[in-house]
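The structures come next, written out as structure tokens.
Paired with chain B in one complex and with chain C in the other, chain A is shared by the two complexes that follow.
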Partner chain A sequence: MNLLEISDLHVSYDGIKAVKGIDLSLASGEIVALIGANGAGKTTTLKAICGIVRARSGKILFEGEDIGVLPPHGLASRGIALVPEGRGLFGRSSVEENLEMGAYSRSDTEIAHDLEKIYTLFPRLKERRKQAAGTLSGGEQQMASLGRALMSRPRLLFLDEPSMGLAPIMVQKIFETIRSLEGMTILLVEQNAKIALSMSQRGYVMESGKITLAGASGALLENPLVRAAYLG
Partner chain B sequence: MDIFLQQLINGIVLGSIYSLVALGYTLVYGIMGLINFAHGDIVMVGAMVAFTVIHLLSGSGLPMFLIAGIGILAAILVCMAVGYLIEKVAYRPLRGAPRLAPLITAIGVSMLLQNLAMMIWGRGYLSFPALLPAISIPVAGAGISAVQILIVCASAAMMSGLSFLVKKTKLGNAMRATAQNREVATLMGVNANAIISITFIIGSALAAVAGVMVSAYYGVAHYDMGFILGLKAFTAAVLGGIGNIEGAMLGGLLLGIIESMGAGYLGAITGGVMGSNY
Partner chain C sequence: MTKVLKWALLASILAILPFLTDFAFGKTWVRILDFALLYAMLALGLNIVVGFAGLLDLGYVAFFAVGAYFYALLASPHFGLHLPFWLLLPAGAFVAGLFGVLLGAPTLRLRGDYLAIVTLGFGEIIRIFLNNLNAPYNITGGPQGINLIDPIKLGSFALNHPVGGSIPSVYNYYYLFLILALLAAFVSKRLQYSRIGRAWVAIREDEIAAEAMGINTRNTKLLAFAMGASFGGLSGGLFAGFEGFVSPESFTLMESIMILCMVVLGGMGHVRGVILGAILLSIVPEALRYVGPLQESLFGKVYADPSSLRMLIFGLALILVMLLRPAGLWPSPTRKRELSAQGETAKHENDGVYDAGR
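Right after this comes the complex of A and B.
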């Protein structure tokens, strides 16, 4: 059974169709890339899966459970986390408070331990733990947002354009971290098709609300259509 | 008598009541960007409920401090329930509506509460019983009464408690997160509706206490006492930067002191414009 199984997902904003019937699946432990141009509907797809956008139809199964009918605050405790587009940090709260919010749905005793793990992964965040998150640099904010998502101990992680607006060296650092998250199932949304396809096993290409291509990432990297449109 | 010191003391007392009420405006605004114009009337409901309970128990032979305590507790519980219901019935259905809609609704709820109170408690001024003996401690040419001391101490305690809750607890972290980005907070597992309900309940509890304080201080309660008091507290919240908790506390104090100084020094000139309305 796939960890996540989406079939015939439609989403619209005030009657305007943004996602027009897509099928998408993730097997446990897979990293899957979702690439596409601006406005293709990638963010909308993630928001619909997470229940933030409610105007939708189709089936969204997580471990066989229909999560489309759950209230959106019920997903975190099931092991689903999102690093939102633009990071979505709580800018006036401190870095540490942001990380603690990531563990909001947990009630176990290992939260403090996981916080230290995040600080080991990103020592920069530890230095700035008391600083307001909104005052971090773009790269630090991306680390904080990723760290916050990891604090929920997700089994399924959505990343919405983690490379956006970052210097190449920071992009590298973020993707190294993502690659090191062994065993986690990840759906990686990216404009940067090259890096997304090079670190994923499979990929989907989205165009104006539809999946137009899908397959092994290696094959997509070689595909002339993909090369022309996204790797030019 | 030292007018300056006396008016300063009076101003701090008045200001701590304004601060408590201002916190209700600021908390709700911070979380949902709504100015809850019915908040002042919750203060009135608190005063009225306490009045009724204290009145009913006054012949029971219980000691006064116990009667007052029961009255305040009843006021807090009723106001929490009223605040919760107002949010649920009047504001929740308007989530996502243009901002003008909940604002107009708030004014409607305010009128509703005032008219209900008028039906229940009548149009007249109710004389609120003295909760503490009328003793006054002399301080360098001025005086400070037992009620004043109690008001200032209770306000300070409640405000410290609120600060601790908002700044240091998991619930407070979630409240601030929800205020900043409701969508993302929801993704972290926060039930935003529950947080909003809790915010109304906390604000209403503070309002209830403020209502009892203001009535005990002036010795009267009236069905539209919440209107002016609410406006002043709202002003205090804006003065402190609406949405900002410390700002509301300071704004309330500042407004109380300014008003008190105005009443002390300019009373004859302003004829009540700057003085208290009681």
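Right after this comes the complex of A and C.
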């Protein structure tokens, strides 16, 4: 059984159809890229999965449970974490407070231990632990947001445009870290098709609300249509 | 040890403050102290909504009004009811809390300016209701308000009577208000560092991210409105018992703005700062009444009308404070951290780019 199974998802905003019936699935342990131009409906798809906007129709199954009907706050305790577009940090709280908020839905005793793990993953965050998250550089903010999501011990991780607004060297650093998260199931929503496809095992290409291409990432990178539209 | 000493010193100062004030400035000033404590409770309540949860509320005085009228209606000759205060105060806080939910529920999706406008309207609606609910059935007494409200009684002892014929009633109220204000500060502090307090901060900073963390933002926001409102309701009951008279005039938009000023000027989200703001803003305007006599003693005559000069100086002082201390007079360490680190952001940005590979 797939970890996440989306079938025939439709989403509209005020009568405008943003997502027009897509099918998408993630097997456990897979990194899957969802690429497409600005306005293709990628973020809307993600918002619908997370319950931030309501799908008009379609099914969203996580481990067989219909999560399309859940409120957005019901996802964290089920093991789904989101790194939102624009990082969504709690700007005035310190880096450490942000990371601790990531474990809000947990009640076990290993939170402090996991915090140390995040600091090993991102030593920069440890240096800045007492600093307000809003004053970090873009790359550090992305690290903090990723670290915060990992603090919930997710089984499924959504990354919304992690490369946005970052210097190329920072993008590389972030993606190296993402790749090092072995065994994590990740849905990577990206405009930067090249890096997203080189990072993932499979990819979906979205265009005006529909999935137009899907397949192994390597094959998509070679696909002339993808090359012409997204890789220049 | 020094900490214990500091607290002991503070406690003894607070204990003898009314005697000192009375001796130096007279009983009027003890009464002003009473009001300062009342405002401290109000400001602490508004601080939960505005400071902790980041929801701008311009109609906060409505909850003060609800608490005051609740007490007034059930402990006065108006309906001939004389329920005891120990029942009315918590019940008034509870009823005000319900009104908080009533305001919160329809405004859950609103933020910032939009929320401010709706709450402003809510505050006015309550006041206008109180003003007009005297016909066809006289419920609130209309613009005349309600008179002869029962004083607060502890057992058989009414607080509006002097103790042993020597300690005046304003002293009694001072101690009662002091205890309750300290209690409000304690509850605020505990809330701030609780799980709920952390959820409020998260909602204030980024609502979508807060939901992704597993926070039920709807209930958490409603709780902020309810908690804040219940502080207002409690203060309202105390106000009614203390004054013995309520009318819609006491609950105007200006009052809401004044309480908001206390929170912002003192240091939003910082319990001690907010108390400081409340005390300063209730004392300074009173002290400025002496601008007239001061002119007389200096120049032999009054050049500028003190009543108009008073608000001018007060306004100027507010502007100066916000210019020189934008985070408030006594900001929380977090807020200070944010503002002081601002200048370093660019530097960090560059660091982040150039040594990211290490």
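Throughout what follows, the second predicted complex is superposed on the first by the 231 of 232 C-alpha atoms of A that agree within 3 Å, B and C clash if a C-alpha of one lies under 4 Å from a C-alpha of the other, contacts with A are read in each partner's own complex, and residues count from 1 in each chain.
FYI, a contact is a pair of C-beta atoms (placed from the backbone, for glycine too) under 8 Å apart; a residue touches a chain by one contact, two chains touch by 3 or more.
Please read these numbers as outputs of a predicted model, since none were measured by experiment.
Engineer: With both structures lined up on chain A, is it a clash or a fit for chain B and chain C?
Structural biologist: Once chain A is superposed (C-alpha atoms), there is a clash between chain B and chain C.
Engineer: Which partner chains sit in contact with A:Cys50 here, chain B, chain C, both or neither? Use first/second/both/neither.
Structural biologist: A:Cys50 contacts both chain B and chain C.
Engineer: Mind working out whether A:Leu197 is in touch with chain B, chain C, both or neither, as first, second, both or neither?
Structural biologist: In the superposed model, A:Leu197 contacts neither chain B nor chain C.
Engineer: Can A:Ala132 be said to touch chain B (first), chain C (second), both, or neither?
Structural biologist: Once the two structures are laid over each other on A, A:Ala132 reaches chain C alone.
Engineer: In the overlay, work out which of chain B or chain C sits against more residues of chain A.
Structural biologist: Higher number of touched chain A residues: C.
Engineer: When the two structures are overlaid on chain A, which partner does A:Ala167 contact: first (chain B), second (chain C), both, or neither?
Structural biologist: second
Engineer: Scan A:Ala214 for contacts with chain B and chain C and give back first, second, both or neither.
Structural biologist: A:Ala214 sits against neither chain B nor chain C.
Engineer: Mind working out whether A:Leu188 is in touch with chain B, chain C, both or neither, as first, second, both or neither?
Structural biologist: Neither chain B nor chain C is touched by A:Leu188.
Engineer: Which chain A residues lie in the overlap of the chain B contact set and the chain C contact set?
Structural biologist: The answer is residues 50, 52, 71-77, 81-82, 84, 88, 90-93, 97, 100-102, 104-105, 148, 152 of chain A.
Engineer: Which chain A residues qualify as touching chain B in the complex?
Structural biologist: 50, 52, 71-77, 81-82, 84, 88, 90-93, 97, 100-102, 104-105, 148, 152
Engineer: For the complex, which residues does chain B have touching chain A?
Structural biologist: Against chain A, chain B makes touches at 170, 173-174, 176-177, 180-181, 183-192.
Engineer: Considering only the defined contacts, which chain A positions touch chain C in the complex?
Structural biologist: 50, 52, 71-77, 81-82, 84, 88-94, 97, 100-102, 104-105, 124, 130-132, 134-140, 148-149, 152, 167, 169-170, 173
Engineer: Write out the stretch or stretches of chain C touching chain A in their complex.
Structural biologist: 195, 198-199, 201-202, 204-206, 208-217, 334-335, 337-338, 341-342, 344-345, 348-353, 356-357
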